[in-house]
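Look for chain A in each of the two complexes below; its partner is chain B in the first and chain C in the second.
On to the complex of A and B.
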């Protein structure tokens, strides 16, 4: 807080959110999401007698924890005006590298370092192409999306790496206390870290500034390319973390691992109130959105709704979320006139 | 806000509609497939429903992910564990990655079996194979012999010389060919599972052996190519192409007479048997253990080997009498 007030006192203030007639509405986006989360929770409890069971809810958290960890980093990246669509492929490559290290006799600590290291390397590669060569991130990461997963396919083909050590299984299958899984704790910890990073540090202010006006940010003395490169590194790192959790949970690596996750991660971020055009958003919003998506898919699963209906619902939800502010703005404008 | 509210209201309505009241005493058996919307699995679901009707007190939950991924199946399995279903019968997308989730299901008292595509032994109680190598080896020569009461020359058109499955089947066929007197296997050629190479190999067989009466192709690519070659040579009716094929691809050749019959697993029987097995294990009427024999209704008994795996039956024979019922399924 002191940093923000300090900046305000020097006369240069960059708002967290765009100043529109909608400002108040957007300010309460997290509240609205929270209402949705509560509503989903209540609806689910009525719809299925199995929903309100601590163990079931604990299992259900796996539906979003890994994706949400990437979504936090992705939120920062999208706020800064960039995007990384290669995250799911980074998981595949990191997981393949871990399996390869396992074949060579690596123990759990080395496996974790391998996963994190490959995630960082992939992030650095994306970051270099975007900030070093000035290429648009959406094109670069569509390319690396195929590239990273392609390498996994070449290494593995139709085979799988299995036989991970049992202590490695703790990351994706272990419980810290009662029904609280290790992944849930990791989710909470990363949420807090990213919330502080985005909302309470100079780095976070710089991210908002770049997203709102990259040229202005540059002339204000912010090292735009350096910040963006760091964000790609961070996204790669979090993909590596997710790769460790997922590989540990599955106990096996196949090149199709985490297929299609990039879209679910982006959906979480946008549902969390992050502007897809950059410049605004919040970590609490993304965390609640992750929770909402996890509970919706779990609730549908309990009712044995086919996956395709779930996809349709998530798609509608996303469109509604993007369209909603626009519609409300038009209504407000009409009332004023 | 209004939109959101109506969206939620719509969800609520949908949720209520979908949550059809299940009778409490019914055994709930989940048939989990690789992905929804695949004809083969829709047919298996039909078989499961048939078994449920026969058993009476069974509710089938037919489900699966949208993509053929292990993660998708794990989400489905978690939802099924949460519902405390009585049994899960799964065709797995990954034989290893599903093990932790299925182990958890078994820990919580759910019967778990795999069918069609198996799970590693520690992740299931038994695995149901559609057929077995000896049964397939016997079936492919029987198909040729059935239409050759006086015997004659037959040739085998296989996939590649290194194809494990085909080699085993041909080996099994050679073991039992003494049971079919008069049937003379003159050659084995390899089309490498390529349509054009298989076609040329079939042409070569017809030229080399003018008295050839049948071509046995235990590969879905080879059988179609050979049937095409026989049709093009206008020898449909003289040379019978048989082996293992898919009804959708073979329907035309059955109609033209180039192939009188062929075989492949029947997905309806597979879904039916999986349901019967899951029911018998879940109700405690049978135990999965090496050497055990478990009832599967009209399909007879499943005999388990040391790995708790068993073979359902002979491959199912398709001919002009039933091809139209199956050609749209798979």
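On to the complex of A and C.
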């Protein structure tokens, strides 16, 4: 149909962009986070003379690499308006399954397939309950959070699986070059992959559209349930990846593995500027937030701050990050009035 | 009652010239990023009088309502109520000052009782601070009586029909003791009978001495119930006065800044071959046995009362819901449509009636809204190409004469009419075969309306097959080559040529059977 012939009609030309990308960046949450990251880094180096040691810094990255891998997938899920609180329990179940496979004599390749497979299965189960049966994801995944970890406890009780093969240790303990760990490289690679997926593909665009208006997205021809199901699968898969790294690093599986991580992962995502209501956010933001959180907890560690204080800090941080934009908006509104 | 109050109206001392305004706005300005929504506008409302606020979409009508109800804060200017200067930092403050608004779509709570809906947030309390149910029911009953609604305040809202829900919303607006009532297109989604009841209500409020701001796009009702008018154009106040001193033509001229004839584009339809054939489409609850054919270049109108199942059928045709029976043939090939994606693939697109919820994806920029169903074309191997998206958006927004600050502006910041343009642009960009327009001019002004009509005619002339669902008889008569009337989920009649008369349409829609001569 020759619709093109009409382009020369009366309409006025609207500019493409209101602000240049640079001006957008200068007013962005990501830049603010970057400044915080630098500040935390400098504070840490004052807090302890050992902080700037390259091997020490290398160890510090373990504080965020595994959680961040899940956080990238979780970011997409939260942007689409859903959430998965069962991620830490998926790690427990995947790790338990790997330990079980180990007992049956599985070698490293099969252990990895087991970890990834269980992650995918758990994600598929969550995805089916949410998209197939239309249940709210927050309730579904609180349920599966108990369910998945419960299975681990039944299988393991107070025992632990140990004796992972030495080459399996590479994923959580290995170095690619000098002080650069395998996990840090994996973190960087997944960050790039997820950034491209969310910001440069049709799939990512669909995620944003669904998060802003699921009905409008459906009426625009987006297969909303398919996209959401894929996001739960992806989150399960990344939990499986994290399970492999963590199990490899610890060299053992206990049912309490990664306990409470879902809170830290969600905090990371929200700190990274993803709206908890869905519809907006960015992967670079989440990556920087992961770095900030890792450095803060590591700094606390250097100062011998007890673990319970750290979890108080994480809780306060989560509330602050959600409340802050709202408070700022209210203050601005007051001032105008 | 109606005749009675009108009789009083003429001799009413309050509405005599020179009475003090209940509310006056002066020098009100309001800017949003990239747009000046209001520029030093003035508005006066008088007790016991209806002031009609008219203007095209984007003229600033919604903005002024939001300022009056405390949702937006003006950048400049003052609001004076009964000679006191006031500000409304929050919606509650506006309520306390006696300003209440009846919106097009008021949010109500389906599972609460009618009385609870009316008094939610300000229910009468006992001395212990608990809700005084007896008193609440009493007051609710009084309010409902006052607006002439025969609704039992005990029943759950879910049990009421649309029209009664609307009355509950009105009762709720009046439950705060308001002296200034804003009615934002109160008749936009009502049937003929309900509209009459709304007019009666306006007369009652007038008789009670309330100052009423009445926003409407319908000229017949403005001339019927308004005493005064104020016209906004492009964020400025361009005229105000008494309705009896102005003609419809003059009002339109003020609105659009030029003279517009309310005529429909002349068309010489050249019907092509059959594009779409629907046979026996049925749904368990919404519609039954719908069948028709559509040819390229044709505009097929669907007329009926609200609730006749027209939108429900169109959404099934678009794949949002699935029919229980029936088949579609496109270009004489059997087509199966299970979701909107497949419908788009077959070249069938749908411009929904509920623009805010189903049409626009608010939060996404304009260009992304436009490219959303066309991503397969603008992308390469699943990767976005922004250059192509902007090109697509530029082409189609230009064609539709969109008004916006930039293509990366959030669609939610646009006025209703401009949002509608983006939604239409989005579908044209997919190069469809069949376009379904569901109430395409509902709630948009005369200028945009004429543009949409012109555009529809243009599309049909290019060989597109157009289905238009509309409840406005002039629009149906003016635009359609053929009209199908639906009633209670079934096709009641089909008219074309000389049979296409208002009487036939209304009778068929209402189910009045007549012996054909």
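Things to note:
Just so we're on the same page, the second predicted complex is superposed on the first by the 308 of 337 C-alpha atoms of A that agree within 3 Å, B and C clash if a C-alpha of one lies under 4 Å from a C-alpha of the other, contacts with A are read in each partner's own complex, and residues count from 1 in each chain.
In the analysis below, a residue touches a chain if its C-beta (ideal position, glycine included) is under 8 Å from a C-beta of that chain, and two chains touch if they have at least 3 such contacts.
As the structure is a computational prediction, the values presented were derived from the model and not from experiment.
In the superposition on chain A, A:202 contacts chain C only, with no contact to chain B. Looking at the shared chain after the overlay, A:59 reaches chain B, while chain C stays out of its contact range.
Contact with chain B, but none with chain C, is seen for A:320 once the two complexes are overlaid on the shared chain.
In the overlay built on the shared chain, the residue A:219 is in contact with chain C alone; chain B does not reach it.
By the document's definition of touching, neither partner reaches A:77: not chain B, not chain C. By the touch criterion stated above, A:274 is placed in contact with neither chain B nor chain C.
Residue overlap on chain A between the chain B contacts of one complex and the chain C contacts of the other is empty. By the touch criterion stated above, chain B contacts chain A in their complex at residues 1, 3-4, 7-8, 11-12, 15-16, 18-19, 36-37, 61, 63-72, 74-76, 78-79, 81-84, 94-97, 99-100, 104. Listing the residues of chain C that touch chain A in their complex gives 33-34, 73, 75, 87, 89, 318, 320, 339-341, 343-344, 350, 352, 357-364, 367-368, 372-373, 375-376, 379, 382-384, 390, 394-395, 397-402, 404-409, 426, 428, 431, 458, 462-464.
Per the touch definition, chain A reaches chain B in the complex via residues 32, 36, 39, 43, 46-48, 50-51, 53, 55-56, 59-60, 62-63, 160, 162, 169, 173, 246, 249-252, 254, 256-260, 297-299, 301-308, 310-311, 313, 316-317, 320, 323-324, 327-328.
Residues of chain A touching chain C in their complex: 1-4, 6-7, 9-18, 200-205, 208-209, 211-213, 215-223, 279-280, 333-334, 336-337.
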